[in-house]
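The same subunit A turns up in both complexes below, where it pairs with subunit B and then with subunit C.
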Partner chain A sequence: MNRRWRIGLTSIFIALVVAPLLLAGFVAPYPYAEQHREYPYAPPAAVRFVKARPFVEVGGRWCEVRLLPGNGRLFGVAAPCVIFLSGTDGNGRDVFSRLLYGGRISLMTGLLSAFLSLALGLAAGVVAGYFGGWPDWLLMRGGELVMALPWLYLLLATRALLPLHISAVEAFVWPAAIIGAVGWVRPARLIRGVVLSGKERGFVLAARGFGAGHAYLIRRHLLPLTGSVVVTQATVLIPLYMLAEMSLSFLGLGVEEPMPSWGNMLTEASHYHALILHRWLLAPGVAAIPVLLGFLLLADTLLDGRHD
Partner chain B sequence: MLFLRYFGAVVLVVLTPVSGASGDALVLSGVTGERGGTLVFGQRNEPKTFNPVIAADAASRELILRVMADLIHINRATQLTEPALAKSWTVSHDGLHYVLSLRRGVRFSDGQPFTADDVVFSFQVYLDEKVRSPQRDLLLLEGKPISVRKLDSYRVAVDLPRPYAVAERLFDGLAILPRHILEPVYREGKLAQAWNLSSLPTEVVGLGPFRFKQFLAGQRVVLERNPYYWKVDQAGIQLPYLSEVDLEFAGSEDTQVLRFQAGQSDVISRMSARNFAALEKDRVRRGYTLSDVGPGLEYSFLFFNLNELPEGASPEAVARQRLFRRASFRRAVSVAIDREALVRLVYLGRAAALSTPVPLGDKAWVNAKLPHIVRSLPQAHQALAAAGFSRAPDGALLDPEGKPVEFSIITSAGNAERLQMATLIQDDLKQLGINVHVVPLEFGSLVNRVFQTHDYEACLMSLIDSDADPNPDMAVWLSSAGNHLWHPEQKTPATPWEGDIDRLMREQMVTRNRNERKRIFDRVQEILMENLPLIPLLSPDILVGAKNGLGNFRPAMMDHYVLWNIEELYWRAEAR
Partner chain C sequence: MKYLGWRLLHGVGLLALLSLLSFMLSQVASGDFYSQLRNDPRISPETVAALRAQAGIDRPFPIRYAAWIVAVSRGDFGYSLAYHRPVAPLLEERIGATLILTGAATLTTWLIAVPLGIWSAARRGKWGDRVSTVAVSLVLAVPDLVLAIALLVLSVQTGWLPAGGKISRGYAQMGSIQQLRDVAWHMVLPVTVLVAGSTPVLIRHTRASILEVMEAPFAMSARAQGIPRRRLLYRHLLPAALNPLISLLGLSLGSLLSASLLVEIVTGWPGLGPLFLEAVMERDFAVVLAVVMLSAAFLFIGNLVADLLLYRFDPRIRTVD
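Moving on to the complex of A and B:
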């Protein structure tokens, strides 16, 4: 298969996997915080088709699943029936709905922090590579220092110092900001390398000979050279940072209850009782596989192209 | 030598059942069993010390009390006091003077005799300010220490500075120390460093059923039978029955549960309701029994920060403080909380909702006349409307000044149950229009906020009482005390009702008539429920398990929940 086809196919795969997450407000049958206190730890509902019409079982009763039931959701069942495609957690919240909303948060954190770290990395890499000298030394040694710090422990220690009132947006942005701010070093090093070799290329030297200024050279000749590195880095960093967000939330440092993320959902699943009695709580771990795989496949395909 | 020691023990056994004259062994009537065998127990945390004088953490204390003995002991099953090293005692009419008669012929685990000198020395050490024993506070009544004098080799006089309702209960858990070993160390001023984790296990000498045999940091403590132990069963067999006890450190509850399920440990203590349910699945196949002992001495509650605000506090903080200080607001919050849902969802039904801030395990002291709190949103709305609160068009609750009501609840991140309770309460209060943030904090920083910086709004917490009596909670209810959670260490009571509680609690402490005490404490609970400084939530059940072949296994709701009668535990023949 040629490369363009492979890129297209993996992109479609990613879009298919990611779309329900982005459309969580429509696809999920319930809001993420809605508690069905009569149904704690309900197992995933059995689904059966009768004459091509889907039914779910709830407590021995079969209820018809209707498309677009009129509450702004993709599907649902009429009250008092309930539909828990992936079971419920200890508070009786629908795991499937929380999976979608939580996935959206993990994904957005991944995207946001990848964007942030690439932006920082691009700026630092170009400055270090282009100007050399003391800015280069300062940025690269600073970067090494950032990489050497044990961030997880620092975060655990500083969490207690944060204010108690954090709005939902802040709660989502701060892990993303931290992950992004810590992650700029690797892209910066790569981009510095590209810029270092790029500024010795014939057309750059020629442009400089004709009197082009620093800003022009960087904008017209050097930044375009970094494009492919930035794109492949993005595809590598997004899944990496999604995992980072999951680890932070898993440890209780990311988004907080009742807002879900795949990480804080897995916290409940990590207990012994969940592994024995409530295995459906592991759903976020399973759901993460196709999403992460999609991005990594894309990165692989893009990198293959570069070697050709 | 070994033979002689053993012989000595046998002589003691033979003589005791006949009469109490020469050897004063305590005969446990109704107790039978067989000697031999090892018990493996999965201990969650490692001890920090083997020194009973300075041990403050539960892991150390629970371990030390298996190798030490006290003068008067609280029977964990009946919750009544019973003779231990003191075989009997008399009290003067005013309740101030006790004379304790000690058991004769008792020996420490190194074979040295036990006398009144050891008792006097022990109290001297516990009461010495320089030693900084956490037990010292228990032996002070209104700031004055009790005094202990030797009358003769087997009698000591205990004088209280003022009457104390349950003076006998003071002696429980107070390990009697071997003077012959610790006095030189004490004279050098090094008692606090003695018997630490790097000491040889055999150096630690006590009067308990077992003595230390081996300690492997990070792995286990092995206890072996104390050949000089002073209790015998009804057939005259010297206790304990078990030859060895192997306490293996598990580190976490999940590890404890896994090991118990795999048969690697014989007894499990205090597990969560969820793990209890998970173990239930394999119960028959694996051959263990699980028991729900019922609600214990733990109680969970929510409280608001009622401390004085520091100079220069933000206007929001001032407004929030005004809000928290309204008893009507606290009552509305209380009645909006669905306690039945907390019991059902968080503890899978293995807990009991509270209608007073007294643990349900403390049955005799709970004021049963206080009404059950049934969740009622209309009632909450009514109370809030009467106090001038209103609702915004979007449903948000507005305080009498027209500001939306919003606050955060801090809770320990390490406790999954409390965290889940907080999220359920968050949802309950959302239906009142209150926006609640749940903030899980590492336990140390939570404690720091509540007791030091007072920088929090509301907190969800649990306390575990050390005894089924109102007195262990004196430090919670007295306004001047450090554990007066919502507003600790007040110079003078901040509110009239806190003054009333101070007066009543001090009164019950010196009242020796039990019914009168009960009446006073009932009144304290009424005041507490009128003002709700602590909004009571629930008392979790004590959930334990043991292998089927373990005889005399009688779990209790006081510590040590499963090994409190360790000297009576034995393996039935078929289980060996």
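Moving on to the complex of A and C:
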């Protein structure tokens, strides 16, 4: 299979697994915070097809699952019935719905922090590579300082600087900001390399000879050269940062309840009672696998292209 | 040798700067160990102030930093406010537990990954290589966290493995061989997770670096001269492909203290990971600083070892000097 096909196929795969997360408000049968107090730790619903019509069992009764039941959701059941495709947690919240909303938050954190890392890395890399001298020295030594610490330790230590409990919106933005800010070094080094070699290229020297200013040279000639490195780094960083978000939230230092994320949902899954009795709480972890796989495959394909 | 001295100096400077920076950051961090006491109506603000004075965290910054540096140079990492005991012995226990875990995991990873990587590269494009490439991608996509919880579920359901922790109940009454077996038994699960996390990466790097030298002109010439496949692979290609692997070895040595943080916390292994997390939560900065500095030092030493090994094994680097 040639490279272009592989990129296309993995992109389609990513779009397919990510779409339900982005459309969580439509695909999920319940809002993420809705509690069904009378059904704590309900196991995943049994689905059965009778004459090609799906039914779920709730407390011994069978209820028909309707597509587009008219409440703005993709599917649902009529009022007294409930549908928990992946069971419920201790508060009677639908794990399947929370998994979709939580996936959206984990994905957004990954995208946001990757964007931040790349923006910082691009700025630092271009300045260091183009101007050289003391800005270069300062930025690269600063980078060494950041790289001198194991990554997760750095994340936790940075998180230690912030108050432990913060508001819901902050609780979503801060983890992304920390993860993104901590990860600028690697993209910065790569981009610095590209800029260093790029500024000696013939067309750049020619443009400079014609009297082009720094801003013009960087914007018009050097930034376009960094394009492929930036795209490749983005596909490498997104899954990495989704994992980082999962780890932070799992440890209780990232996205906080009642907002779901794949990390903080797994916290309950690791409790002893869940290991024995409520195994369906592990569902968000399983859901993470295809999404991560998609990004990893795309990154592989793009990295492969470098040697061709 | 001059190179070694230069590197050591560079590293010490880096660590000193890092310590200054982390110290300054712990200064601007919101709250300290005693902040929570302020919410308690039974404790007067004066008491809190007195406690802070006793712990010495109300002194000005330069004095505290100087005192810390002097203490650390004597091997004294200060006093943990959360554990009510000096940090150094506390760390010693925890480091021991972490090193057994990561040491075993690193050894296993290298023993599995390098042969598999070589095998895969030698069979490039055949179905064995394809299956292993796909398997590697799949394993890579399973987060350590999820694998750890899934294995815990499995061991709780089947009773094949102990569900977390380091020792069983009644450990004190066991004979020393039984004790050893007990700890080893508890290690199986976390080590499996760590190995599953790091093996795919290493397999890939091994495979890629061997494939790269396979295409080098010297390899083609050796093949043309009729050197047998096996001899070509192990005597000519492997030494030439060693360079990136040695760098990776340095990285794995350097992350011996830090690689298992998450897995330790999930499986309840009493290592450095849970200690660090607690210290972060409790604002026990003496412990946070000590762990940060130690793990940074480890990372530096790992890289240094890798550089020395590279210097020893790769003649191309020696000629640059």
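Methods note: the second predicted complex is superposed on the first by the 289 of 308 C-alpha atoms of A that agree within 3 Å, B and C clash if a C-alpha of one lies under 4 Å from a C-alpha of the other, contacts with A are read in each partner's own complex, and residues count from 1 in each chain.
Simple rule for what comes next: a residue touches a chain if its C-beta (ideal position, glycine included) is under 8 Å from a C-beta of that chain, and two chains touch if they have at least 3 such contacts.
Not measured: the values here are computed from a predicted model.
By the touch criterion defined above, A:111 lies against neither subunit B nor subunit C after alignment on the C-alpha atoms of chain A. By the touch criterion stated above, A:37 is placed in contact with subunit B alone, subunit C being left untouched. Applying the stated contact rule after C-alpha superposition, one finds that A:289 touches subunit C and leaves subunit B untouched. When the two structures are aligned on the shared chain, A:74 is found in touch with neither subunit B nor subunit C. In the superposition on chain A, A:257 makes contact with subunit B only, while subunit C stays out of contact range. Of the two partner chains, subunit B is the only one that A:92 touches; subunit C does not reach it.
In the superposed pair of complexes, A:269 makes contact with subunit C only, with no contact to subunit B. Of the two partner chains, subunit C is the only one touched by A:243; subunit B is not.
One of subunit B and subunit C touches more residues of subunit A, and that partner is C.
Overlap of the subunit B and subunit C contact sets on subunit A: residues 156, 159-160, 164, 252, 272, 276.
Within the complex, the subunit A residues that touch subunit C are 144-145, 148-150, 152-153, 156-157, 159-164, 239, 243, 246-247, 250-253, 263, 266, 269-270, 272, 275-276, 279, 282, 285-286, 288-290, 292-293, 296-297, 300. Interface residues of subunit C, counted against subunit A in their complex, comprise 14-15, 17-18, 21-22, 25-26, 28-31, 137-138, 140-143, 145-146, 148-150, 152-153, 156-157, 163, 255, 257-259, 261-262, 265-266, 276-277, 280-281, 283, 288, 291-292, 295-296, 299-300.
Across the complex, subunit A meets subunit B through its residues 33, 35, 37, 40, 90-92, 156, 159-160, 164-166, 252, 256-258, 268, 271-273, 276-277.
The residues of subunit B lying in touch with subunit A in their complex are 253-254, 257-258, 272, 274-275, 277-278, 281, 338, 341, 344-346, 348, 406, 408, 410, 413, 416, 419-420, 422-424, 426-427, 437-442, 445, 455-457.
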